[in-house]
Each structure stands twice: as C-alpha cells, then as structure tokens.
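Okay, so chain A shows up in both of these, paired with chain B first and chain C after.
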Partner chain A sequence: MFTELNSILNATPDSFTQGEFILVSDRQSDASFLIHHFLSFYLRARCKVCFLGLVQSFSHYSAISQRLGVSLTQAREKGQLIFLEGLKESLSILIPQETTTGSQAMDFLRDPTVGLQRLYEFVRSSVRSDGGGEEGVEEWGPPVLLVDDVSVLLSLGVSAGAVLDFSHYCRATVCSQLQGNIVMLVRCHGEDAEDDGSDEGSEWLLKGVTHQCSLTLHVQGLPTGYCRDIHGQVEVCWRRRRGDGQHTQKKLFQYKVHDKGASFFAPGTSSAVL
Partner chain B sequence: MAAPVNSVGKPSAERPPFNSTSFQKKTRSKLISIPGTRPSVQNGQLLVSTGVTSLDYLLGGGLAVGTVLLIEEDRFDSYSRMILKYFLAEGVVCRHELFVASAQDNPDDILQELPAPILDDVAIHKPVEQPRLSCEPQDNLDAMKIAWRYQNLPKVQSALASSSRFGHYYDVSKTMEPEIRQAAKCHRFYLPEHPTQSSTTHSRMIESYSALLKSLQEVIHREGFDLSTPMSMSRNILRVGLHSLGSALWNDDLSCHDDPMHSHALTTFLYGLRALLRSSLSVAVVTVPSHLIQDRALMGNITRLCDNAIALESFKGSERETNPLYKDYHGLLHVRQVPHLNCLASQLPDHKDLAFKLKRKQFSIERLHLPPDLSETVSRVSRGELAGAAAVASACGSGTSGNKHLDF
Partner chain C sequence: MLSELLQGTDTGAVLIIQDSCSYSGQHLLKSFISAALNKEEAVHVLGFDVSEEELKDGLTASTQRLHFHSAYTDPLGWTNRTAFTVHQFCVEELTHLLKQTSHPKPVTLVIDSLSWILRHVSPPAVCKTLQQLKKGGAVRAVIGLLHADMHQRGTVGSVCHLATSVITVAPGTKGDEAVAKTTKRSKSGKVMQDEEIFSIKGDFSVTVVSKTSHAGHRQTEPEEHQTDPTANLTFNIRLSDTEREAKEKLALPFVFSKEKKTALLQSGPGSGRILYEPDANDDYDQEDPDDDLDV
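Showing the complex of A and B:
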C-alpha cells in the first residue's frame, strides 16, 4: 500500500468508494506495481479479494506483499483471498494429461473462441459468500476482483470482444450487485492509436474498458526519455458519473518505484532534480 | 520468480504444506548449493551465468532460475547463435544438464560447435579498450589545465563487467573437447525426428510447439527438476536452449505472413514455457527471428511473455559496417525488457546505448561511446547515420554538404 497514492486517490483502508471499476493501464511500461498496491490495500481494508494472477506465480505476489506488510498465505488460509494461479492451472490444459485436475477456469486455453465464461463463473463463485456465517467464519467486507493482467488473454487467442464481455459481466456482478470494486490491468504496446482495423487489438480493448470504468491510472514512460531516477508518469483520471453528467478530472504525477513502495510527486519535483 | 536462497529466514508457520513453485522462500531447510549458481545481491534470487559476463552484468548479475531470456536474432543469426552456444557451454562447465531444441540444425551439430572454455586462465578481467580519449594521457590525470571544468567528471567506463568469478571465459577459435562435452547430460529435441501427429491439438498451439512443450515437461519430471518432488537428492539446473522459435521451420507462419493463421501459437507456447519454468529449477534461452515478424504488436506480446529480452543488431551487410564510428564493434545490443521478480523495482540498465564485439576470448558488451573528435577540421557525419542515442550534437546536422567547421 503506497501512502502517497492513497492520498492522491483520497482512499484509506477504512473508507473508500465502493462499486468502483479501476482500470490500470500502461504503455511501454510496467504498471504491475499498482496491482500490488491495490492488493495490499484491499486486504488491509478487510475485503474479500478474488485475484486472478495470470502472469506470475503466487509466491511472486506473496514475496512483494510481504514487503508491503500483508501476508498472502495467511489471507488465503483464512479465506479472505481466493487466488487463481493461471500458470499452474494452464499446464494441465496445454499439455493434455489423462486426469484433469484443478478448476476449469483456464478452459479458454483449450479453445479460445469459446470465450471466458468459465473464468467468469469462477469469479462469480468466489465473490459470493457461500452459505451463511457458520462456524465462526469471519465476515469480510465487500468483494474485490483484481485481474493481472487482462492483455495476456489477448495473447492467448481470446478475442477482445470476449474480454470486454467478461469485464462487463464482472462489473455487473461485482460492482452493481455486490457493491464491490474491480481493478484490471491492461497493457498496451508502444504505438498508440494504431488501428489494425479488426477487433483483435489491445487498443480496442483499452478503449472499451476505459469506457466502462470509473477511475483510470495510466502509466507511461517519461516523454522526454529514459531516466533512472524517475521511472515514469502516472495519469489519474476520475470519470465521475453521478450528479451532473460526466465530469472528468485528470492529474499527472511522476513516480519512482522503490524496494518497499513507490513515491509519487508532481512533475519536476523529483528528489533527483531538487 | 527464481528458486530462492534458503538462508533467508522467515517464520515457518506461514509455509504452505507443499512447495509447488520455484519462488517460495524455503525456511529452515538445508542450504541449496547448486554448482554454477549464486544468489543475487539485490533480492536473493538464484542466478546462473549466461556464459557472457557482460550480459550477466546487464541482466542484474545473471539469469534468474525459472525465467526466460528472449534474444531477438540479428539478421544472419550469427551472434544470437553465438550467445546460445555460450549459454550451453556454460552449462557444460558448471555441470548442469542441457536441453537443446532446434528445427533447423541437428542439436548434435550445435553441441559440437560449443566454444572451448579457458579453464587454466585465472579469471582476471582486465578492462579492455579504454576509451580513446587522446586528450587525456596518463600523466595528466592529476591536473587538467585547460578543461579543468571536466576534472571532476568520472571517466567513461566502457567495459561492463562485474569482478566476480561467477562466469567463465571461452575461446571461440577452438571447440570444446569431446570429453568435457560428453560429461554433461544433454537432451535433444530435433523437430524433423518427431512425426507430426495429425490429432487435433488441445489448444491454439501448433503440433510442433505442443510436442516440444510435452517433451520438455517429460524431461523435467523424469530428471527431477520439478520443485514438487521431495528434496532428497542433490538438485541441478536444467538449461533449455530453444533455437529460432517462430521461424517457418517450426511450421509456424508468424514470419511468413502479415496476417498469420497461427498468430497465437508462439505466445501460447511461451505461456506454457513460463508455467513450466516457474515450477522447476530450469532456465531457458529462446531465440526468435524478430526481423522477420512484421507485426510489432505481436513482438510486444512475445516480449512481455518472456522475462528478459534483448535484441541484437549486427552491422554485417549494412552500411554501418564501413562507418568509422562503429569500426570497433560488431553490432548494437538493445535491452528490451528487464524483469522484476519478487520485488517491486527492477534493475534497469545504466545506459541504453550498448554495442557488442565478439572477440576471440570474450563477447564484450560496452557502452557506445564516441570520443571527441579533435582534428583541426571538425567533420561530423550526418545525424541520420548514427544510432541516434550516441550522436554527438552537431551544430549543423546536414551531412550532404561535406565538412563543416564549428565556428565559435
């Protein structure tokens, strides 16, 4: 949990807006440090978290969350965190064996044209609390869905339309029905607005998800070039929907990622410069 | 994440009952000491050497176990193949096991061309090729009389190397002795030897990649590199070298068509490879002929599915070969991606303008540094002929009008 980012977003683990769809995107950069922030933030806020870790192993997230002060193994044991380890589940599908083990959430690898319905069913069963509170099961807060990352689904052959359907279904279930939050990471390539004409573009996906979301954090490299002390810039954009129509507010920050966190500062006020 | 170092302490109550991935920090068990590896100083990852010490330095000390290094091949596949051979030769010297897969050359041929290690040499690495600053002879280091403002600036360090003896050096003019080579266990995958099964594939991967992934998984299970097997026997590292994936010889049309039919075959394979590597004690080097792949977005996807990525651009056959600015080097090296594993920050390279040179006893990667031109008539070649980042600012940048004087 990055304290400076909390103050930028006006959110603390005790009070944050519910029903938010947060999009974290990057272009020629790596925005996954923000995913670690949100993971530790929502775990500290005692929410029930469903994490789709499609690109890294569980212990990668666990090691980083340890440095941020949250233990993922404990959260998983207590039932607060439901973790889908995409890499592990995919092996049994990519290399067909006689016995199929594990959940069928990664079934889209078998035939990507089928879509992400199984993955959505996995999410739905995770975020709904099963049964009532028996045996002293702790009551967790609103559910949160974190996806790291959505663009790898495009690399694996799923069409952008299917991914947009998946995000829409998740938003309907998690944000509208259960008043929870969603955080998704979408990664783009270098050339922006490259129109390939077909539906298969990550740009198309980014535009679609941007339209659905209520808060975007867009991470980019510095427009002036590569710098070791300033790792890039983050553009935070609030897309408020309530009240008087659409009111967007944008803020730009530069950031630097440390071992135990990240610091955000106004452009030009980096400690390397001042 | 790479295999952990066991000496990092952590309360064992949090340890899950079984270790199924390679990146968990194991606690209070005996120290893993696998020959040819060392822990990273930054985050305790287990690192292996790529065989090229300058490349180890660029990657943050070495290649983390459980990760993939993607090498975008140069135009004639000469230097990328050389790095692959260095990687395999390092595996032989460190007594790791090898897995070589190729569709073009028989893996036995690749193994016979491995460079000979320089084993009797004490590995004192002298920084070679000091920058040719002719204005700074050795006896004038103390006081600069004219350029005194530059006195406190550090001298340009062109050679990139760390001073440990983690990697070895190889003599490329000789091939490795057969006795040394045969001491290492090597698994081969030669695509023409595997008949294409006409059965329907279970995913977007084409048959050749499926067969390769299955064969690799079998080797990992059989030889005990899997991390889920109990740690009774001594552990070793499996070095996987995959040559020229994505080329037409693997039955993949990525490099042939603008709009390939199997556009997701290679990316699905790389996803499966990452899954395999993260759960075993192995490390992979994959070379891809990226100059044949027209779709830059696809190349971006491939890069993101690998952990480390470098691209080689050799000067052979291009007009830069005769450019006097590049006469010391064989090509440019671009670092496309550096991973961050088990930690938030990644080890970014200091400089982005790097050039490489294959010498007889060393593959050196240096920062491309142009010395100041102090001849009487200052002549600069046009900006368009340079690599861009290395261009010294010229007052009048047009090269077609010949020599230009810089008048102050």
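Showing the complex of A and C:
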C-alpha cells in the first residue's frame, strides 16, 4: 500500500469510497505496481477480495505483497482472499485429466466465442458472503474484485464486446448491488489509432471500460523519454461524482517505484531534481 | 439553442447526445430528464449504463412520473432476473412496456445508452426501431445517449441522421464548463447549428455561460496595435516635413525616366556633332530604326 497514493485518492483502509469502479490502464508501460497497491490496500481494509490473476502465479503476488507487509497465504487460508490462478486453471482445461475438478471459470478457453458468463458466475459466487456460515468465520467488509489483467483475454480469443459485457455484469453485481469496489487493469499496446472502433482491440476496450468506470489511473512513460529517477507519470481522473462537483477532475503525477513501495509527486518535484 | 431544446421538444422528436471518454454526457441527459419532469411529463428510462439509484441520485424533481426500466442488472439474461434485456429493444416490446403504466400525458422515452444496444443489436435494426418510434404514436419524444468514440463513424452517422437534434458535448477550458455543439433539423427541412459553453449545477439545471458564434465567423479580434518602429531608439530616424518632401522629389540614379531618355537622345550644347555624308553605295534610310522601341 502506497501512502502517497492513498492521500491522492483520499482513501485510507478505514474509510474509502464504496461502489467505485477503478480502471488502471497503461500504454507501453507497466501499471501492475498499482495492482499490488490495491491488493494490499483492500486486504488491510478487511474487505473480502476476489482476485482474478490471469497473468501471474499466486507466488508472484505473494512475494511482492510480503514486501508490502501483507501475507496472501494467510488471507487465503482465512477465507478473506479468493484467488483464481488463471495460469494453472487454464492448464487443467487445455490438458484435461480425470482427476481435475477445477472451477468452470476458465471455460472460455475451450470456446472463446461463448463469452465470459462462467467467469462472471465464478466472481459472483466468490463475492457473495455465504449465508449461514460456519461458526468462527470472520465477517469481512464489502467485497472487492481485482482483475489482472483484462486485456489478456483479448489475446485468448475473447471478443472485446464480451469483455465489456463481463465488466458490466461485475459492476452491476459488485459495485451497485453489494456496494463493493472493482479494480481492473487494461493494458494497451499503443498501436496507431484504429479506425474509430472498427478494429475492436485494446484501445476500444479501454474506451469502453472508461465509460463504465468512476476513477481512472492511466500510467504512461515520460513523454521526454527514459529517466533513471522518474519511472513515468500517472494521470488520475475522477469521472463520476455524486452530489456536488459534476465535472470530471484530472490530476497528473510522476512516480518512482522502490523496493517496498512507490512514491508519487507533482511533475517537476522529484527528489532528484530538487 | 440548448435552452430551447431543454424547454420543450416537438412531437416525433429524436434527440441524441453524443459524448466521449473525456466528457460524459450523463449529466446533460439527467438535465433533460429533470426538465421533462418539471414540465409534468411522464418519463420512461431504459437504463443500460446506470443503475436506478445512480440515475435518480440528485434528481430533485418529483420522481413519481419517472419510470425506470432496469436493463442494468441483467441485460443479457445471464442471471434470469431480467426486467428488460437488450434483445427486447424493438417497437412491439417497447410499446407493450410503455402501455403497462398508463397515463394521459405524452411519454418521453430516454435511452441510456444507445451504445449498449448498438453493441448487441445491429445498427440497421436499431435505426428501424428509432424510426418507428419517431413515426408511431407511442412516445412523444426520444432522447438517447450515444458514446461516439465507441462506434464506427458510419454507425454514429446513421443513427444521428435519424435524429431531429444532435448535441455533441466536449470538455471546456474551465473546470466545470463544457462545450455543446447543437444541430437541429426542423420539420421544414431547415438545419440550424449552434455552439455554446454551458455548465450544469447541482440540481441538474443547465446554465448557458456563453454563446460562441458559428464556426464560420470567428470573433474578430481587436486589430493589433501597430507598433511604431521609430520609437524607443537611441538615435533619431524620424523625418520632418521638408525632409520628407525632398526625399520624395529625389530621382533615383538607375531609374530610366523620361527626362533621362530625352537628355541622352538629344545632344546637349557643346557636345560633339556627327556629320555623315552617305556614299553612292550606302543605303541611307532617314528613319530611325529604333523608333518603334518603347524605351
């Protein structure tokens, strides 16, 4: 959890906006450090977290979260964290064996045209707290869905429209119905602008999810090129605002990723420069 | 023109609000809903993009005449809890839906958003439904929100061609201001265009801040003050009146004026004279061969 980012987003583990759909995106950069932030943030806030890890193994996130002071193994044992290991599950689908009893979540690998309904059903069953739970089960806070990352589904043959439907359904269930939060990572290749949505690639998907979300964090490299002390810039954009302040608000920050966190500062105020 | 559209729409009007990622047209749509409710009209909302709570959040007008048909929770029938699915977007189903809540007032149908429908239903079918709604008597007016950056230009163009008015919103220079480009087609066929800067207050009332004139006539900037190059110098290069006269009188050295030509052709007093006495063999022509030259 990055304390500076918390103050930028006006959120602490004790009090944060509920029902938010946060879109983390990057273009020719790597925004996955923000996913680690949100994972440790929501675990610390004692929320029930459903994590769809489609690109890395559990041990990867576990090792990094250890540095941020959160134990994923413990959270999974206690039932706070439900982790879908996409890579492992996909193996069991592609090489089916008699003994595998994996969930149907990654069924879209068999036939990508079917869509992501099964994945949504997996999410829905994970975030719903079991009614009439066993004794000794701790009560967790509002549910949170983290997806890392959504654009890999495009590479697996799922159409961008199906991904948008999936994110819509997740939003309807997690954000609106259960007042939980969603954090999704969308990665773009920064290819040349396609012809206004005729080619439904990652840019089109990014626009679609931007329309659905309430907060976007867009990570890019510095426009001036590589810098050793500043790893890139983050543009934070608040889209929907309840009550006053109908307008969208944008802020730009530069960041540097350390061993145990990341620091955010206003452009031009890097410690290397001042 | 934005205020006119908010005040009232004619029967059979289709209004489309186009927005993009940089500025959401949701608030403007809510302003239209609020204005319609204030005029005591019945408003039916087909909600795909927003939930009922989010739509009603902040609307101060009486929501008694607002009927929300939720297509947000289950638009594709995945959870079998549907109120309205995207595939029910056709005239028969819509008329049936609207007839369920009977009321004497004319109905305004608000679609939020058309982009959702266009992703699942083919554009020709959507256009056909819109056209039938326009011509039929079930609704008085249709207001739709369209995310222009999510579709091909052709699709956006086709849908907007059906509309009687199109408002394209974009972010403005200041924080809470936005720019609205409005195109209105009246029944007589006349097309009016306008560009305004507006802002939306907390109660969803729209304030038009200023009107920028049509794209063709830019506001004429005040003429730039001509700077005087002879000012602020350490030496004086200004001319007095006599000096200016003398300067204009001066004949420049290499300009071949009329005076110079006559002076060269007619020899002055005291200069050498050439006497020529032609021989018998010479062909002496008195005429000057260079006479026709216009020098």
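By our rule, the second predicted complex is superposed on the first by the 256 of 274 C-alpha atoms of A that agree within 3 Å, B and C clash if a C-alpha of one lies under 4 Å from a C-alpha of the other, contacts with A are read in each partner's own complex, and residues count from 1 in each chain.
As a working rule, contacts are C-beta pairs under 8 Å (C-beta built on N, C-alpha and C of every residue); 3 or more make two chains touch, one makes a residue touch a chain.
Because the structure is predicted, anything quoted here is derived from the model rather than measured.
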Self-check item: Partner chain(s) touched by A:Thr210 [first = chain B, second = chain C, both, neither]
Solution: second
Quiz item: What is the contact status of A:Ser176 with respect to chain B (first) and chain C (second): first, second, both, or neither?
Solution: second
Quiz item: Is it chain B or chain C that touches the larger share of residues in chain A?
Solution: B
Quiz item: Which partner does A:Ser71 contact after superposing on A: first (chain B), second (chain C), both, neither?
Solution: first
Quiz prompt | First, second, both or neither for A:Tyr120, with chain B first and chain C second | solution = second
Quiz item: For A:Gly201, is the partner it touches chain B (first), chain C (second), both, or none of the two (neither)?
Solution: first
Self-check item: Which of chain B and chain C A:Gly161 touches, first, second, both or neither
Solution: second
Quiz item: Does chain B (first) or chain C (second) touch A:His189, or do both, or does neither?
Solution: first
Quiz item: Which positions of chain A sit in both the chain B and the chain C interface?
Solution: 196
Exercise. Show which residues of chain B lie in contact with chain A when the two form their complex.
Key: 1, 14-16, 20-25, 202-205, 210, 213-214, 217, 263-264, 267-268, 271-272, 274-276, 278-279, 296-297, 300-301, 304-305, 340-346, 348, 350, 352
Quiz item: For chain A, which residues are in contact with chain B within the complex?
Solution: 30, 32-33, 36, 55-60, 62-64, 67, 71, 73-74, 85, 87-88, 90-91, 93-96, 109-112, 151-152, 154-157, 187, 189-191, 194, 196, 201-202, 226, 228, 231, 257-262
Quiz item: Can you name the residues of chain C that touch chain A in the complex?
Solution: 21-24, 26-27, 49, 51, 53-54, 57-58, 72-76, 78-79, 115, 119-120, 147, 149-153, 171, 175-178, 199-202
Quiz prompt | chain C contact footprint on chain A (complex, rising order) | solution = 117, 120-121, 124, 161, 164-165, 168-169, 172, 176-177, 195-198, 204, 207-208, 210-212, 239-240, 242-249
